[in-house]
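The two complexes that follow have chain A in common; it is paired with chain B in the first and with chain C in the second.
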Partner chain A sequence: MTSPPHPGLRGIRASLRLSLLSFVADPQWLIPSSIAPVIFALASFEMFRGSGPTLVLYAVLGASTMSMWGQTLYGSGWATGQDRFLGTLEPTLVAPTPYIYVVAGRVIWNVVTGLVGGVLVLGVVLWAYGQPLPLTNGLVFLALFLVLMGSLAAVGLLFTALFVYTRFSGFIQNVGEFSFYIISGAMFPVILLPFWVSPFSLAFPATWAVDALRYVGIPGYQGLPFGLMGDLLGTLGTSLAYLAVALGVFRWVEHHLLEAGTASDY
Partner chain B sequence: MLPRSSDVIEVTRLTRSFSSRKGFLFQEKVATDALRGVDLTVHSGELFGLLGPNGAGKTTLTKILSTLLLPTSGTARVLGHDVSREGSAIRPLIGLVLGGERGLYNRVSGRENLRYFADLYGLPSRDVAPRIREVLDLVGLTEAADRRVEEYSRGMKQKLHLARGLLHRPPLLFLDEPTIGLDPRSARELRKLVRTLSSEGVTIFLTTHYMFEAEELCHRIGILARGQMVACDTPSGLQQLVGGEGTVEIESREFEDSELSRLRSLPGVSRLLQEPLGTHLRVTLRVRPGDWEPSSLSGALAAHPDLFVRERRTTLEDAYLDLVEQETAS
Partner chain C sequence: MERNRPGFLRTLWGNALFSPKTTLGFMRVDFVVGEVFILSLTQMVFFAFVATLAGGGPASVTYVVVGNAVSSVTYSSIFSVCQTTDSEKQQGTLEPLLASPAGRLPLYLGRGLIPILLSLATVAVGLGYAVGLYHVPVAGGALGPLAFSVVLTAFAMVGFGLFLGAIALFLRTSIILGNIFLFLGLVVSGVNFPLSYLPLPVQWVGYAFPLTWGVASVRATLAGAPLSQVLPLWGYLGLSGVASYALAMVCLGLFERLAYRTGSLVKF
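Up next, the complex of A and B:
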């Protein structure tokens, strides 16, 4: 096998591999980010229990999204904080591969490991309520799920730039995690939220992606008024916007680190 | 591409300031000048040593040259590229070894740490495993390669830092205090390795606290004090700065101010330095042999009990201390 020609691919590959090895060495941090989605899934399920079996899917989907997002934000932020704590941020910055690709690898890894929370939610819901999933179009659903993961990665990349920028970023985790649960529609349908929240919701790629998934997975679903294609375009457009902004922000953040000389602070 | 010039590092009037805040409610911005107009040139294949006390600016200069920090003003070119504007061109060509316990992924093995950085440095996949074996062998970590780094001693971590710095065969290597905290045997092994690398043509920029290390290893030495390059020469050239002068050391529990004044004014005394030595104080006199009269000492310290006096050759360390002292006094 030859080395990937693009430094970005090399960086992502290196970061994915190190994330896997670090995870195998210390998998305990997956537990806290899986607990909240299970609780939210059970609460949502209880609230909408009388509305039919499609609510199983609704709850599982929302909770999986929450799990993946929680994992993305905590895992990627934590890993960047660890880079500061371990003193590995400096040797990584001085390597020729731009740091954004290292972070991208971590974000992808954390979105994927966030699926563990989703599987856990599914297991708990099925164990507790024994209802079968009403999934009819499995392949399309799977493809859209990958789109959802991509959209979460795009948002995660931008958020992680803040962890690179400053070591005082703990509050970002809390604000970023719980506000996402609500405004993305993962926990409640966006339509139930106050009108003024809509612009924030629509600015999140995951809002569109989750809505698309629900269109495919839940018969008779009434979500955003743009339809499945509108949701897909919305996901793509906002994800690309996040990626473009993240690229610019990372360039600026790296320059700031070199200017302020704070890469070794922790 | 390497520059045509034989100068690998060219630094002109380089400054770097850091700002911080002090106070609680009403914070005040405080600027600290870490580098104050440094000029420096390092030639291709040279082993250049940078000496200086704590806070002199050694690490700041190393970080600027290795593209980890931007200068406030002045210029620095490394391998023909400007550090402020062409960092991405410099990074593949340099190796940076920042010493200490930090800077490694502790939960994974030494080999995996190297594997990660080999990818970040763009080593072709087929070369990664053999090159990792090669550098592990070079630093003597082959047997410990698959152990987690958290199980490594400080010396082993230091060797792994060095192995990482060498992975991509850089023509220029920055070593920031590589032997600090190492036991004498590990430090000696590391110095031997540095000499080997230098003999293979790698240009090495080494910062150290240890005079003997600089004297033993370096072709030229720069002395940095309070952010300024106060001298830059070969070890013997630096020694010439205090050349011909003798050194007299006097140790006692304490010295009166009047005694120090008398010592300063003795014929032939060009400089007086004081340093604490455990429960004692050491006063060092730099003396001109022609004018110095050893018997004058007993007159100046006639009433002083428990004196220990010795005369010795002036060393590079003396030259260093004099230069730093002069800069601090100014």
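Up next, the complex of A and C:
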């Protein structure tokens, strides 16, 4: 006799399945989060015109990162906001399966679509550039791309916890998208930012991951002073910290929300 | 019956008053605050850093921040206006609305009045950031012509938003169209670099976009250019605005008929 699957795993699987079905029913939703990065990259191309292949890498890498972030933030925020709008947040919260498993399924799906979006943006930008990307360590670069996506997923999980609690997920999405582009140094080195921004930048896993990607992709790159290994440790440490905080916040938010009875407020 | 058709002004005013509760219902206070005060700032700061990395120097940064201050108008004028058709479809109110005898011009123009005000506020705040944070110089006596440029830009851009909203009437959703035109100006309108950098066909696309003339007229008035230089820019801007409203009305009529015929009116 086989034992029934763990309720958490069942929740993740069901959530993943629903996300997949929603995506298959309407795959166009991948496009909106990819349009802004493509256009930002094209604008940056023109601004970097004549500055050599190094700055092209900034534009390509930045656009892909921005696309993945857009997918993570909007995917998480939109799903929870829709739960509130459609009135399904409250029944989902009172179901025996903890809500975090439902969210985990969505975040995993967003990781997948985020990667697809990132590759899509990469393709469009390279097509516009008309030349192969001047990369020497393609495989390492690809592996670090996955690390970057994982770090964004950790941030997405924490943001989703906040989205569950607040009616203002739309506001956080709008403000968070562009703020991320700046503080993570997606398109330019964080060293250009004022010193007081540094703690915010370094508290963000993607800042470390993007810096690591540049160390691998851009010859002679001088970024954060910790080097490639330092960047990788920074990515891992901050991502784990985000995951731990997200788990704690989820527990607290679920209880508080049910006590306050505001899960159906929109 | 024709005599029972509500008057132009009544329809215009009624739609302007009710739109924040209906088609623009998604624009809550937090949404508006983010749009007017934060998005304009973050977009400007982002491209200012990109300009710094590109090594263009202070002149390049000034060019970029002014362009982005004006282009932030697209959030309220294009995206929000374009979304109104989606809201009607989602709420199921588009069919009864189109069955009403109200004139289409005041109906849609009325819905555009609040976005025109928001567009004015967004550009004004954006230019305030440009002057306050990046010390963009303002020529003496430039405020009057600058204000006129901003008002004309807001008017023209909302017309363009209505045009896109008209196309969205036939589409399942306006979100992709809205997203494309929300940011397209950053490339084709001389926001971050001169139009002359682009291939000629793309330059012509830019010239058809009201934002291009809006950015150019704001730059000219900020620099205190003589009226002989500014008037043609205002002329092109006004013309592009009137053309956008005219196209919007033609497309609304056309796509309304098409949407009835194909049933896409209720497709969301």
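Here is the rule we go by: the second predicted complex is superposed on the first by the 250 of 266 C-alpha atoms of A that agree within 3 Å, B and C clash if a C-alpha of one lies under 4 Å from a C-alpha of the other, contacts with A are read in each partner's own complex, and residues count from 1 in each chain.
The rule is simple: a contact is a pair of C-beta atoms (placed from the backbone, for glycine too) under 8 Å apart; a residue touches a chain by one contact, two chains touch by 3 or more.
Small disclaimer: the values here were computed from a predicted structure and weren't measured.
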item	value
Touched partner set for A:Gly156, first chain B, second chain C, both or neither	neither
Touching partner for A:Phe171 - first (chain B), second (chain C), both, neither	second
Chain B versus chain C as contact partner of A:Gly118, first or second or both or neither	neither
Which of chain B and chain C A:Ala14 touches, first, second, both or neither	first
Chain B versus chain C as contact partner of A:Gly261, first or second or both or neither	first
First (chain B), second (chain C), both or neither touched by A:Leu86	first
First, second, both or neither for A:Met187, with chain B first and chain C second	second
Chain A residues contacted in one complex by chain B, in the other by chain C	none
Partner chain A, residues of chain C touching it in the complex	26, 28, 30-31, 33-35, 38-39, 42-43, 45-47, 49-56, 60, 64, 173, 175-176, 179-180, 182-184, 186-187, 191-193, 197-198
Residue ranges of chain A in contact with chain C within the complex	28, 31-32, 35-36, 39-40, 42-44, 46-49, 51, 55, 58, 168, 170-171, 174-175, 178-179, 181-182, 187-189, 192-193
Partner chain A, residues of chain B touching it in the complex	18, 60, 63, 66-70, 87-88, 91-92, 94, 96, 98, 100, 102-108, 112, 115-117, 119-126, 148, 164
Contact set on chain A toward chain B in their complex	1-3, 7, 10-11, 13-14, 17-18, 21-22, 25-26, 86-88, 90-97, 102, 255, 258-259, 261, 263
